[in-house]
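The same chain A turns up in both complexes below, where it pairs with chain B and then with chain C.
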Partner chain A sequence: MQVDFSNNYFELFELPVSFNVPTEHLDTRFRSLQRFLHPDKFASAADAERRWSMQAASFVNEAYQTLSSPLKRASYILSLNGISLDEETDTQMSPMFLMEQMELREALGEAPDAADPYAALDKISKQLTGSQASSADEFAQACEKEDWPTARTVVRQWQFLEKLGSEVQAQEARLDDAL
Partner chain B sequence: MAYSDKVLDHYENPRNVGVLDKDDPNVGTGMVGAPACGDVMRLQIKVSEDGVVEDAKFKTYGCGSAIASSSLVTEMVKGKTLEEVEAIKNQDIVDELALPPVKIHCSVLAEDAIAAAIADIKAKREEQSDQKASA
Partner chain C sequence: MALLQISEPGQSQAPHQRRLAVGIDLGTTNSLVASVISGSATVLKNEQHEWSIPSVVYYSASGEPVVGSSAQENAASDPFNTIRSAKRLMGKGSDDVSNSWLAEHYEFDFDSGSIPAFKTAAGNRTAIEVSANILSTLRSTAEKTLGGELVGAVITVPAYFDDAQRQATKDAAALAGIHVLRLLNEPTAAAVAYGLDNGNDGVVAIYDLGGGTFDISLLKMQRGVFEVLATAGNTALGGDDFDNAVADWLMEQSGVSALPDQGARRQLLRLARSLKETLSSQQTAPYELNLGESLMFRGEIHVDTFNSIIEALFKKTLPSCRQVLRDAGIAKSDVQAVVMVGGSTRVPLVRERVGEFFEQTVLTDIDPDQVVAVGAAIQADVLAGNKPDSDLLLLDVIPLSLGLETMGGLVEKIVPRNTTIPIARAQEFTTYKDGQTAMALHVVQGERELVADCRSLARFELRDIPARTAGACRIQVLFQVDADGLLTVSALEKESGVVASIDVKPSYGLSDGEIEEMLRASMEHASEDVQKRALAEQKVEGSRVVEAIASALDADGDQHLSSEERSEIDALVASLKQSLEGDVSDNIKLAVEKLEAGSSVFVERRMNASVKELMAGQELSELERKLVTDTNVED
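The block that comes next holds the complex of A and B.
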């Protein structure tokens, strides 16, 4: 087994560059790479080799995290195709999408004061899960057609959904803490 | 990360939070978003017939720097002409709030929100003058 830093993450995991990745294969390959790079195996190795193994392990981890998360995987596929998300500099989004996002964030802000806060959060959560699933479908389709402008738009919107999803979870945790 | 006193002040006491009627012919609305952090910003300006900003409101969902940037911008634009408002750049916000490099994109968001609001009010005015011309 070898870890080549010039490989892309898909190559490292012996997968074709595609949005659809078999989770089982991903996990199996990750475990065998982890075994291969286990610190115990390098305990008596020369300094340079030990340093290499640590770098390789972090490369493998980063690759695994990227390929396991649908959104990160999608962004990564875009970057492999030379498409930048310009996520800090390009602020133009569909006004309708932004309006929806604003309303969802408003609803999240009001959720703690609702008669049943958990139900209010659950409603937002369900809507988000649906939107994220549609994003994944739309991305897969655009990717297949190599329609990169559409794929880029989908990922840029998906980032808002992911962010809001983590805020919903944080709000849920705060409710739990208050119980 | 430590926020500057000015950011904290705007964050804790945001100026001009609210909404203007987006269908009012004298109101320009700018909506922008930053995918990097999922921030959403709405900035509105009410502009007099002779092109002076009479009122400004904002609503921002985002980090402290994004909220402070939009709050500051609503204060900066009031009483200015559209030309003067157009001259406001994100660096002015960075300087005023002492934003660190990782938060510069928050000021970009605010600058783009003003630009979008100005574009909106200009489009509305053009439409009105077209209607007058064709009437």
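The block that comes next holds the complex of A and C.
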């Protein structure tokens, strides 16, 4: 048995397709879905039911993780509207944005040698968090106007920011390990 | 006076029978079994009145393996045949074993099987078999105390166990004849024990330092739902390391550069351990141990000295603490409670320093040695179906990222660490050369970018890919991680529909054949009646299936089935019931299989109907469009 609820993450969570999602509703709905679907509720059931439960719970987890993360949610909305983020077909990025990225990367590379490496990383983190918040605002606006080309550009830049953010965290972890 | 309950004629059902289920804490140093008795989770004592047994197995040339305290008595006199800390080698390969301190303590056979084995007087024994012996002992303790056959057990594992270590634990349970209801992460089990007692909502940290493993987890608790936010740790760090460090210090103090044999080392370790325990409540501990000429250990150790000896080891736990906070995006001030788990958290320095790190007093209300087993017992009781109205739900995560090797020895991450399980993720890959018709997939687990730095889980091959130009094929690889944290990988070439599927058999694990062989061997040696045992197990399983289907049919059988369909299933149920009256385990097995196959359509209709109900308020036709159900794609 294969269960496939394709294209209905928002509907599964009883929400309209929109970038703005009420976090509390998302969490509550997630818990009530898992209370019903989770494999722990089927531990003594027939094999077919157990397998169904695993697939359904996997699907709900994926949906929840997608809708909970602003960037994943934005990408998902693009895909629902038939917009591909495929980097290989289109590598164009704004020169200004790329310049900023290079500066941030340079700062990240130099952070371990700074007098206070944690403070240096913290500074980069704050800058990234600010940029990501602006990305979220810009996306919400573009999304409302159904301006998909702009929305797509915003998401692609956002992905860069997110990747850099995880590199900052990895650098922090390396500093911790060296303590 | 209570009124007798009498069911409607024709609907008669046996009164609800409590299903016997236990929680097992299979520890590096000690192991425990617990069960919910009259509503409260209780650690079960064995015939010697011990609620905790040493995870030690003694193998002699004649006779059955001896487990627990009686085994430990042989540690000094017959060290090579007295196996302890086997948990450290679960899911490990030859390289890991050679680099472990266990390699100095035991003799290993690296070549005979697919995983290294201890050389003992009773023959080669893998860590899986040693663990199985411990599990069998716990099972028999439980069955004697509870007075019946177990339907299953929840077995705890360190949260940071990888796929190979989890699979090894499950294999050990299979060898011990235990049906695993769930592999549960130890810190999650501890949170269950605490959460239900305290009834608090919020984020808690579970710091679990056991004999051989360290875990730190952050959990969000909300109205009975335990959601793991992040977990990190070290599966090769624990109280054993404290003992070794103290033993080294004792040698240094006494001017002893080497010990004559393993027996002497064991005695010194035992001394180190008792000093550690004394220093948990005293400022100083005197010692005296004579192991022979110029091997005299005599003196006194102060708690400050002890602290300085273990300081470096303790500090190894802090990066993981920072890691979980970072991964969960939680500040220290958001952590409402810090729970201490594992015997090694009895060390005052550990409690103190963890408290300093999280800037609060740590919780030690529940015995740190019992808390994991207690939590596992509560979960087992729910999973066995004894508490249908329970609010308890555990949402755990995968501790280490899963990925595939790509060109150049790089890892493409598919399921990042701390993803809530169960989870399925698909990823597309393509061919590298023109005309390429096969593709090797190498599944790894870990956080590093290079394959060489990650743990190899399994390799499998996808064949019969249509010969096309490089990059033209689209191969979709699906990673399915189940609620036990175990991975299944399948791959599909999208154009041709070629399917390859494997269960991830660990690169450092047993093949199915080896497991069968061990099972057969262990049964030959077992004194109990093997046939009887198999029949009893099959009967438990058969009754479980009858019950499951009966309650489903009662609930909504008529709603989903035509009378013809219904009578077909009824006939299969009847024939299973009949086989349960008999004494042939194969007949029961066959009847179970027939019933499960025959009722699959019913099960499917029920589940889909439930989903529709769940999504009530929406147009049914719309739901039907979204809910694609295909019975042909299976497997």
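Here are some notes:
In this text, the second predicted complex is superposed on the first by the 169 of 179 C-alpha atoms of A that agree within 3 Å, B and C clash if a C-alpha of one lies under 4 Å from a C-alpha of the other, contacts with A are read in each partner's own complex, and residues count from 1 in each chain.
Here is the rule we use: a residue touches a chain if its C-beta (ideal position, glycine included) is under 8 Å from a C-beta of that chain, and two chains touch if they have at least 3 such contacts.
Quantities reported herein were computed from a predicted structural model and do not represent experimental measurements.
After overlaying the two complexes on the shared chain, residue contacts for A:N61 are found with chain C alone; chain B is out of touch.
A simple residue count on chain A separates chain B from chain C, and the partner touching more is C.
By the touch criterion defined above, A:T23 lies against neither chain B nor chain C after alignment on the C-alpha atoms of chain A. Of the two partner chains, chain B is the only one touched by A:E162; chain C is not. Contacts of A:A48 after superposition: chain C is touched, whereas chain B is not reached. Of the two partner chains, chain B is the only one touched by A:Q92; chain C is not.
The part of chain B that touches chain A in the complex is made up of residues 31-38, 40, 42, 59, 61, 105, 108-109, 112-113, 116.
Contacts from chain A toward chain B in the complex involve residues 85, 87-93, 95, 97-99, 101-102, 105, 155-157, 159-160, 162-164. Against chain C, in their complex, chain A makes its touches with residues 1-8, 11-12, 14, 27, 31, 33-36, 38-41, 43-49, 52-59, 61-62, 64-65, 169, 172-173, 176-177, 179. Chain C meets chain A in the complex at residues 19, 151-152, 181-182, 222-223, 225, 315, 318-319, 322-323, 326, 379, 382-385, 391, 393-395, 419-425, 480, 482-483, 544-545, 547-549, 596, 599-600, 603-604, 607-608, 610-611, 614-615, 617-618, 626-631, 633-634.
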